[in-house]
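Both of the next two complexes hold chain A, though its partner changes from chain B to chain C.
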Partner chain A sequence: MSAFTPDAARERAGWTDFRVAAAERFAAAELPSPDEEIWRYSRIDQLDLSRFVPGIASTSIEGPTDFVSESADDPELFADETPDVFAELNRAFMTPVVIRVPAGKIVAEPIVVTHTISGSGTAVFPRLVIDAGEDSEVTVIEVFVAADGTDGDEALVVPVLQVHAAQAARVKYLAVNEVGSQTWQIGNQQSVGQRDSTTLLATVTLGGDYVRARTEARLSGQGSSTKQVALYFAGDNQMHDFRTIQDHDAPKTTSDLLFKGAVQDTAASVYTGLIKIRKHAHGTQADQTNRNLTLSEGAWAESVPNLDIETNDVKCSHASTVGPIDEEQRFYLESRGVRPEIAERLVVLGFFEEVISQLPAGALADDLRERVSTKLDLTGTRKQDKLTGASA
Partner chain B sequence: MSTLEIRGLRASVAGKEILKGIDLTIKSGEVHAVMGPNGAGKSTLSAIIMGKPGYEVLEGTVTLDGVDMLALATWERAIAGLHLVMQYPTEVPGVRLDAVLTEALSTRGRSTDGLDDALRSEAGKIGFEERFLDRPLNVDLSGGEKKRNETLQLAILEPKIAILDELDSGLDIDALRDCARRVEAMSNDLDDSDGQPLGVLAITHYNRLLEELKPDHVHILAQGRIVESGGPELATQLETDGYAAFAAAPDDDAADASASALGDLFSL
Partner chain C sequence: MEWIDGNIGSKLTMKYPAVYLVGEGATGEVLSVAYAGEGQHQDAGAKMVHAAPNTTSKIVSKSISKDGGITTYRGLVRVDEGAKGAKSHVECDALILDEHSISKTFPYMEIGERDAQIGHEATVSKIADEQLFYLMSRGLSEEQAMGMIVNGFIEPITKTLPMEYAVEWSRLIELQMEGSVG
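Right, the complex of A and B next:
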C-alpha cells in the first residue's frame, strides 16, 4: 500500500477536491509496466512506491520574480491532459510555480527555479507552468539537485512542466538534473506553441539512478517553431530514459531536435523519438538527431527514431547513432602528444559542445562543462586504479 | 643532434604485408623525401612510425636516439620527439586548437604562457587566418586550411623529427608554398627550443612539394621497399622518367594490388 492516497492528497494545501479526484484516479489506475510500448526498456517495474512518502522540495526562485507565483489560485490552469499516471500523481500532490508573462513583456534575465531534494524516502512533485503572453519573451532554468550530504538518499521526483507560448511568444526553458545517485525521477513536459511562437526546451541530465523524461512539443499555430536539445551522461548503474514527441498540428511549422548522450561503466540510456505530422500540417519541416557515445564495454545505449507523417508536403530528417569514441579522433589527438585519458575527455566534451553552445544557460555553461569533465575523470581514475592494481 | 633510425621494417595491414623491409636514417636538419606511387606503402610507413591502430609490425626496429619507438604508445612517441603531419587531418568537433595544444605542451612539461601570441605569430607566417584559430579542429576547413593548421601545430610543438604524410595533397599552390617554406625554415632553424633544427621525413607522390622543401636525400618507395636512394637529382629524374623506371620486379603477393596500381605506377 503506497502513501499516495486520496486522504493524503486531502492534506495538501489548496484545491482539495481537485487533488483528491486526481489521487482517486491514480489509486484506480495500475502502475505501468515495460510490456507497454511507451515504457519499453524502462526500469518502471523496479519502482516500489511503498518506499516513499509525499514530501515537499525546498524551492528557491532567483532572477526577476515579478511574474512568479507559488500559490496559483486557479486549479483549471493545471487541468491539462495527463499523459500517464505519474502526471496524475503530480496533480494530486503538486507544489506549483507559475510564471505568467504579460503580453509584450520581455523578461531580460533568466528566472532560475531550484528544487533541492532531501530526506530519505521523500517523494516530491514540482509543477512548473510557463504561460507566455502574446509577443512576450522569457527564459526559465529549472534545477533539480540533492541537498548537501544527501546524495545517497533514496528519493522520488515527479515533475511536470507545462509551457504555453501564445502568439509570437518566445520561451526558452532549461532543465538541469543533478539529483542524487539513488534518486528516481519520472517527469513529463508539455509545450504548446501558438501562431508564430518559438520555444526551446533544453535538458541536461547528469544525476539520478533512473531518470525518465517524456517531452511533448506541440505546434498548434501556423508558423510556430520548437527546438529540443539535450545532453545526458550516465555512469555507474544510472539509466537515462527519454521519450520525445514533435507534434506538428498546424501548417508551416518547424521542429528541430538534437539529443546527445554518453554512457560509461554499466550505465544505460534510451532515446525514443517520434515526429508526428498531422494531415493539415503541410509545409512543415521536422528534424531529429540523436547521437550516443558508449564509453565502456559494459555500457548500453538505445536509439529509436520514429516517423508518423500524414501529409506529403513536408521536409523531414532523422539521424541516429550509437558507438564508441571515433578512433581517428583519438589517434589524431594522441599523435599531438595528448595522453589517452585527456584525449578522451576532449573528444567527449567536444561531442557535447554542440548541445552546450545551444543551451540557454548563460553563466551555467562553464559549470556544466566542468561537471561533465569531472564525471569522466572519475571513471578514468577508476580505470587507472584497476590497471595499477590500486584499490578504488 | 637527433636520429630517427628505421631498420628492416616489415609491416602489414589486415593480414597483408605492405612494407617489406625499410631502412632509413633521418638526422636533425636533414630533409628526406620518400616518393612513391599509390599503393607503394607510403601512408603505412607514416602510420607505423606513429603507432596508428590497425597496423602490425612484423619485423624490424624504429628508434629515436636509441629509444625503441615501437614499444611506446602514440602519445609517448610524440613526447619523445616525433610528429606526424597527416594526409587527411581528422575533424574533431567541439575541440579547440588551443585546448589541444595546451594539453600537448603540458604533457611535455612545457609552459603554455604566451601560447596565444605564438599561435597568432605562427598563423601569420603561413597565411592561416586568425579567425580559424577559434574553430573546432579542422571542422569546416578547406584542404589547404587543414594543412596550414597541421603546419602551425608542427611549428608550435617543435618536435625533433617530423613525418609529413603527403603534405601536398589537397593543397592549392599558395598553401603548398606557405607550408613547405615553413617546414624548410624549421629544418634550417637552430633556434628551436632544443637548439636542433628539425629533421624531416617527407612522404609524397609528387615532385611539386620539393620545389620549396629542398630534400637532401630522395628515396623511391615501390611495392613496400626502398628501390633507389639518391640526392635531389633523383626527384628530377623521376619527373622525367616516371615511377616505372624504378619499379621493383613485381612479386607474387603484390601482383593483385599491382593490377589497379599499375595505372598510377606509370604516370606521375
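Right, the complex of A and C next:
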C-alpha cells in the first residue's frame, strides 16, 4: 500500500476536495506498464511507490517575481487534462507556482524557479503554471536539482508544467534536470497556444536514474507556432525517456522539434514523438528531428518518430538518426594534430551546440556547456583507465 | 535479399515483410508502394533485424492516399548488440491527394550497437501546385498531370522492376487516377 492515499492528500494545504478527488482517482487507477505503447521501452515496471512518501521540494524563485504566486486561489486553474496517473498524483499532492503575465506586458528578464530535492524516499510534486496574457512575453527557467551532498538519495519527482499562451503571446520555457543519480523523475508538460502565439519548450536532461518527460504542445489558434528542443546525455545506468506530441488543431500552424541526445556506458535513451495534424489544420507545416549519438558499447537508443496526418494541405517531415561519432569528423580533427580523445569531445560538444544555441538559457548556457563537458570527461577518464589497465 | 512489395487492392492490408540478417555482410532491401483509395486502409512496412556484423539494409516506402483512403507505414529496424558496422536507411514518403485522406507513419528503431549507423526520413505532402500548374500549362489535363506526378513519385521503385511489370504498374496507377479531380 502506497502512502499516496486520499487521507494523505487531505493533509496538504489548500483545495482539500480537489486534492482528495484526484487522490481517489489515482487510487482507483492502475499504474501503467510497458505493455502500453506510450510506456513501451520505459522502466515503469521497476517503480515501487511504496518506497516513497509525499514530501515537498524547497523551491526558490529568482528574477522578476511580480507576477509569481505560490498560492493560487482557484483550483480550476489546475483542472487541465490529465494524460496519465502521474499527472493525477501531482494534482493530489502538488506544490504550485503560478506565473500570470498580464496582457501586453513584456517581462524582459527570465524568471528562474529552482526546486531543490533532498531526502531518501521523498516524493515531490512541483507544478508550474505559465499563463501568458494577450501579446505578453515571458521566459521561465525551471531547474530540478539535488541538494548538495544528497546525490545518492533515492527520490521521486513528478512535475507538471502547464503553459497557456493567449493570442499573440510569446512564451519561452526551459527545464534543466540535474536531479540525483538515484532519483526518478516522471514529468508531464502541456502547452496550448492561441491565435498567433509562439511557444518554445526546451529541456536539458543530464541527471537522474530514470527520467521521463511527456511533452504535448497543442496549437489551438490559427497562425500559432511552437518549437520543442531538447538535449539529453545519459551515462552509467541512466535512462532518459521522452515522449512528444505536436498537435495541430487549427489552420496555418507551425511546429518544429529538435531532440539531440547521447548515450554512453550502459545508458539508454528513448525518443518517441508524434506529429498529429487534424482534419481542419490546413496550411500546416510540421518538422521533427531526433539525432542520437551512441558513445559506448552497451548503450541503447530507441527512436520512434511518428506521423498521423488527416489532411493534405500540409508540409510535414521527420528525420531520425542513431549512430557513433562521424569517423570523418574525427579523422579531420586528428589530421590537424588534435588528440583522439579531444577530437571526440569536440565532435560531441559541436553536436550539442546546435541545441544549446537555441535554448532560452541566457547566462546559463555556458554553465550547461560546462556540465556536458564534465560528463564527457568522466567517460574520458574511464576510457583512459581501461587503456592503462590494458597496457599494465 | 530484395523484396518489392506493391499494395493496391483489398480493403485492409496489413503486411510487414521481415528480413533477418543473420550472416555477416548480408543485405536486405524492401521497396514498397501502397495506394489507398476509397474505403481502403493500406497498413504496410518492413522489419529489418540486424543480427550479424556489417549487415546493411534499406527500406523505401512510397504511399499514396486518395478519396478518404488511409496509408500507414509501420516498420522496425533493430540492431542487436554485436552487429558492428550495421547500416540501415529508411525512407518513407507519402502523398495525400485530397483533404479527406490520411497518412500515418510509425517507424521503430531499436539500436543496441554503438557502431551502427541508422537513419530515417519521411515526408508527407500534397501534390505541389507548381508541378500541377507547369504540366497543365503544357496542355495536359488535370487528371493526366496528376497521374504523371504520381507516377514520378513512385518512379524510384518502379524503375527497379522488370519492364513489363513497370509498365503494368504505371497503367494501374493511371487507371486508379481516372475520374479524379484533385
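Here is the rule we use: the second predicted complex is superposed on the first by the 389 of 392 C-alpha atoms of A that agree within 3 Å, B and C clash if a C-alpha of one lies under 4 Å from a C-alpha of the other, contacts with A are read in each partner's own complex, and residues count from 1 in each chain.
Everything below uses one rule, namely that a residue touches a chain if its C-beta (ideal position, glycine included) is under 8 Å from a C-beta of that chain, and two chains touch if they have at least 3 such contacts.
Everything numeric here is computed off the predicted structure, so don't read it as measured data.
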When chain B and chain C are modelled together on chain A, clash or fit: fit
Touched partner set for A:I38, first chain B, second chain C, both or neither: neither
First, second, both or neither for A:L346, with chain B first and chain C second: first
Contacts of A:H282 with chain B and chain C, given as first, second, both or neither: second
First, second, both or neither for A:I106, with chain B first and chain C second: neither
Contact breadth on chain A, by residue count: chain C or chain B: C
Touching partner for A:N306 - first (chain B), second (chain C), both, neither: second
Touching partner for A:S296 - first (chain B), second (chain C), both, neither: second
Geometry of the superposed three-chain model: angle at chain A (Cα centres of chain B and chain C, steps of 10 degrees): 60
Touched partner set for A:K315, first chain B, second chain C, both or neither: second
Partner chain(s) touched by A:R336 [first = chain B, second = chain C, both, neither]: first
Contacts of A:E354 with chain B and chain C, given as first, second, both or neither: first
Chain C versus chain B - closest C-alpha approach in the superposed model, Å: 12
Intersection of chain A interface sets (partners chain B, chain C): none
Contact footprint of chain B on chain A as seen in their complex: 326-329, 331-340, 342-343, 346-347, 349-354
Chain A-facing residues of chain B, complex: 50, 52-53, 73-75, 78-79, 83-84, 86, 89-95, 99-101, 103-104, 107-108, 136-137, 153, 157
Chain C contact footprint on chain A (complex, rising order): 41, 279, 282, 292, 294-324
Of chain C, residues touching chain A in the complex: 81, 94, 96-99, 101-126
